[in-house]
Amino acid sequence: MAIFKKKEADTYNELDAKKNASNVSDGMLRFNRVTPFSNALYSALFIFIAAICVLPVLFVIIISFTSEQSIGVYGYSFFPKELSVASYKYVWNMRDLVGRSFLNSIGITVFGTCLGVILTATMGYTLSRRNYKFRGFYTWFIFIPMLFRGGTLASYVVNTQIMHLKDTYWALILPICCSTFNIIIMRTFFTTTVPDEMIESGKIDGANQLRIFVQLVLPICLPAIATIALFLTFAYWNEWFHASIYISSTRSDLFPLQYVLVSIEQKIQWLINNAGNVSADAQDVPSETMRMAIVVIAVVPIMFSYPFFQKYYISGLTVGAVKG
Amino acid sequence: MSQTDKTTVLQPKKKSKLTLDDIQLFLLSLPTTIWFIMFCYVPMFGILIAFKKYKVAPGKGFLWSLVYNSKWCGLDNFKFLFSSNMKTTIAMFRNTIGYNIIFIVLGIVIPVALAIIISHLYSKKLAKVCQTMIFLPHFLSWVIVGYFVYAFLATKEGLVNNILIGMGLDPVKWYQKDGLPYWPYILVFLNVWKNVGYNMIVYMASINGIDGSLYEAAVIDGASKHQQTKYITIPLLKPVIIIMFIMAVGRIFNSDFGLFYRTTRNSAALYDAFVTLDVYVYNSLFNSTIPTYGYASAAGFMQSVFGCITLVTANAIVSKFDKESAFF
Amino acid sequence: MKKLLAIVLALVMLMAVGMASAEEPVKLTWWLFTTGDAPVDWPEVEAKLNEISREKIGVEIEYKWMTADQINLATQSGEYFDLAFTCGWYNDYATNIANGMFLDIAPYMDLLADAKALTPDNIWAGVTQGEKIYGFPHVKDYGIEVFWILDTDFFVDELGLDPTSYEAQHIGFAEMGEYMAKYVELHPGEIPLKVNKGGATSWMNGLADWISLEYWLGLDWAQKGTENELQVKSALDIPKFTEALYTLHDWYEKGYINADAAVTESMPRSIAGVVQSGQGWFGAETVWANAKQKACFISRFDGPYLTTDGLIGSVTAVSSYSEHPEEAVKAINLMNSDPEYRTIARYGIEGKHYEVVEPGIVKRTDLGNANMSLAAYTQGSYALGPVEASPFESVPANPNQWTELVERYTAEAITSSVLGFMPNIEPVADQCLAMKNVWEQYIYEMQTGTSDPAVVIPELKAELEAVGLNEVIAEIQAQLDAFMAAK
């Protein structure tokens, strides 16, 4: 009982704190609002857009519960004639593979995102310092790879024969942890939101660049960090290409979830492209309902990770106000 | 405005000597530098494949095969890009560039507009929920989107045709000649629909980073919301918008293969509406028994060179008007 | 203390002796084909296989299942291997020989004696070039026979066909139209022949003596024995091919084929209509019944033909830079002559992945289906070891199907006049790529009957000629003439 009360008290305190925080800008917000009519219009617009965007996910979920026969006769439908959980049963039979790859995906995503954020932020910060001597050189240095690449074969040779990444988790983490695009976004954020005076004052206090970066710059650039972290999270979660090249089929213990899905797609493509060569002993294609079931398993968890990042974008003007 | 003035004043003159700062910054960026060298610069020798008839030498490894065993062939590997008939070649370049221009414009205007509008909504909860939903299409691969589109457009079972029949209209064979005029719109719609949530994030994060005191001052001065957007939000978003624009321009010869190939299901009747450089290259090379690394490399190199030219041009134009926001 | 030392010393000596006496097994790498999905339980199966191979030939083999992309990257980047699966559509046999990747195994034939004894003579022509033999061909359905796969419930129960009769087992391609007409009449609104964009599976395989299915070039079977038999032609100039297109279009117009076939990606056998097709052999009905989850019988509409493509349909080659060529050849011999080894490689572990139903017939367990399903024909001969049972009593498995198959091929097969010929398209690669691109725009609609051949064929032909069809044909014709002259 006592514990319950304490918890309750905590919640109240939290609520109060939030209220106070928003009070800072409340007065300002009141003047700063769009008219109620515009608000209604905008809200309606967003509800409409959101509906269009939710539809396909709904569709995928419905198909995953549709019976295969029903698809065969009536095609895909939002209102299936016959429901079935057969596809989930089939996925359940594959639980060793799907479960393992699910854990792999989470591990790779978390680790890769952390690594990627560090690499991106440090370079982005360096490039944003106007008095950095090598700034011009480094801009070109990271710009060129955005356009010119060695190609799959050369990358494969370097990654397998020099770095020996084949059949390791590193092959799924390292090649995509950094990108010119993310660094440039980061640089732009830094140049627009970090005032030079702050760096200068840091230096006057005797801090070195690493300390300035970690203690002064990063805290006010949380939205930027969250943006890049979000991009990386999605990139890692959706990644399958490197798995298809660097992970042998017999090392299914290293598969990420997306690759399990894609390997099924590839099989279907292969069967179409080689219709002439497929003799009776070739395996049949898996059903569509089963593929959709895997899509559901692959999409739903990442959906729930989104609100975690989201709080950094939609907190309105409060962050700015506090900073000001 | 005042911010930029300050920075120009503060900007120190170029020094000839390395300062402690330079060394610290260099060390800070060293891990990323190493990453770029290992994953981007070392493999870059692979560009040579575009100018050689690559032939592997048994048991000798890649480098030996490339340097000693493969003959130089000049621009031979590039020929296949232009060896089709005139109609296809024109359609291919027209579509690649045309769609990209539309995508670049819409890919900036719509997300910026939505990001600004969403920051105005009264209900933050609604804003959050909607934003999450707008993001959902990004998680579905084009293959899955292809199935989704098919559910709407299938000739017999498709939703759209059933509605048309219900309204007493003639059904349309969407994936055949009948459907051709509609596809450019469908493709543009799908592209915006899938990417808008993703693109919005950058702008929302930037809006979030804007100094709140600016708005406060504007409110005190009696500025309307419209004026605030015009004189504060958009000018402060400008650097981000410009950078996104320049980077998109650099990829103007590339196209999102999945969008064009999977949603149209590579239907021959629609070829004119969806063939892009990447689709053409894929259709020529996929599943080929002859080794195609040289050709693929050549196609990629051509895209890079053209992309580089357009990017540098765009950058030069931007820096004429606004040196601060330019790429270099 | 001394005692302890003595024990340690003795142990060390024992270990040294033990290591010296048990000869280190030679380790080999064997590349095999997969479409990308993994046989999850393979490591366990591999351990079991290595027990046998260690004992019998002193070899341990690491099997690497590779997708087409992976094997291309691996070969092109010069990765090491000892043995590899190769054929016309994966790890391309002809290109690899041209690059010198494969070892001539003719000098090692003694080591292959057991496997060779189980291999029919007419299969070797595909891998033999002059005196040289570049691979070991697997005994499987190496001739081309194309079948209708027909649902028992309609064809037997409703129409009263006798599935064991000669007529029912040999329904012609065009003839199927009559049956489908009956089906549509009896089941209005239903579609008998549901296909994906690839068309009716394997519909084209017997239509010509294909030199390249990629660019649709071949010899006309109808010209065999005449002076024109060696004339390389575009598929569009081969009447049997164009007639088939007209038939398909007719079926499409009549509603026997699904309306969106040309843009349909996957059509699993379990939901495709009462008529299906596929390349196979008499005996494959059990495999198909398994995929369809429905009782069926099969009816041959084309073949058998013996062609280069069929004979190199599944080959194991030895790497030209293998450090252990003798052991590698021994491994091929083991895989293709030892029933125990072959059965484990194909079905997995008895009791876990499969059960023996009766001598020569096995049934996969659920676990076997989920975790040990693989393209077994890429490993070695099919004729060795048990066959798979079907889930239906009306579709019995025939353990003698492979002996009968070889007999049938020997008695009935039409043999290609150009066995062993593989074109090198390198000199006309640009034209070929352009042709591939043009075909890509037409073929899906053609092979599903969607487009009208009367309109499309002239159009397609003009486009192909514009991008260099005639140059390609001239080049291949010259190569073929040279090949025949050398023969």
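Lettered A, B and C in written order, each chain numbered from 1.
The working rule: a contact is a pair of C-beta atoms (placed from the backbone, for glycine too) under 8 Å apart; a residue touches a chain by one contact, two chains touch by 3 or more.
Fair warning: this is a prediction, and the values are worked out from it, not measured in the lab.
Put simply, the chain farthest from subunit A by mean CA position is C.
The interface with the largest number of contacting C-beta pairs joins chains A-B.
Each chain gets one centre point, the mean of its Cα atoms, and the points for subunit A and subunit C are 41 Å apart.
Separating the CA-averaged centres of subunit A and subunit B is a span of 17 Å. In subunit B, the residues that reach two or more other chains under the touch definition are 61-62, 150, 154, 156, 287, 293. Looking at subunit C, one finds that residues 68, 76-77, 88-89, 197, 265 touch two or more other chains. Counting partners per residue, subunit A has 152-153, 157, 161, 262, 273-274, 288 as the residues that reach two or more other chains. Residues of subunit B touching subunit A in their complex: 3, 6-7, 10-12, 14-15, 18-22, 24-29, 31-33, 35-36, 38-47, 49, 61-63, 114, 117-124, 126-141, 143-145, 147-148, 150-151, 154, 156-159, 193, 196-198, 201-202, 204-206, 208-216, 219, 225, 228, 236, 239-240, 243, 247, 250, 286-287, 293, 296-297, 300-301, 304, 307-308, 311, 324, 327-328. Within the complex formed with subunit C, the subunit A residues making contact are 68-69, 71-73, 93-94, 96-97, 152-153, 156-157, 160-161, 244-245, 248-252, 255, 262-264, 266-288.
In the complex of the two chains, the subunit B residues touching subunit C come out as 54-62, 64-65, 76, 79-80, 83-85, 88, 146, 150, 154-156, 173, 175-176, 265-269, 271, 280, 283-285, 287-291, 293, 295. The touching residues of subunit A, counted against subunit B in their complex, run 25, 28, 31-34, 38-39, 42-43, 45-47, 49-54, 56-57, 59-60, 63, 74-78, 118-120, 122-123, 125-127, 129-134, 136, 138-155, 157-159, 161-163, 174-175, 177-178, 181, 183-185, 188-189, 191-193, 195-197, 200, 203, 208-210, 213, 221, 223-224, 226-227, 230-231, 234, 237-238, 261-262, 265, 273-274, 288, 292, 295, 298-299, 302-303, 306-307, 310, 312-324. Every residue of subunit C that touches subunit B in the complex is listed here, in rising order: 68, 72, 75-78, 80, 88-89, 92, 94-95, 99-101, 197, 214, 258-260, 262-263, 265, 319-321, 425-426, 429-434, 436-438, 440-442, 444-445, 450, 463, 466-468.
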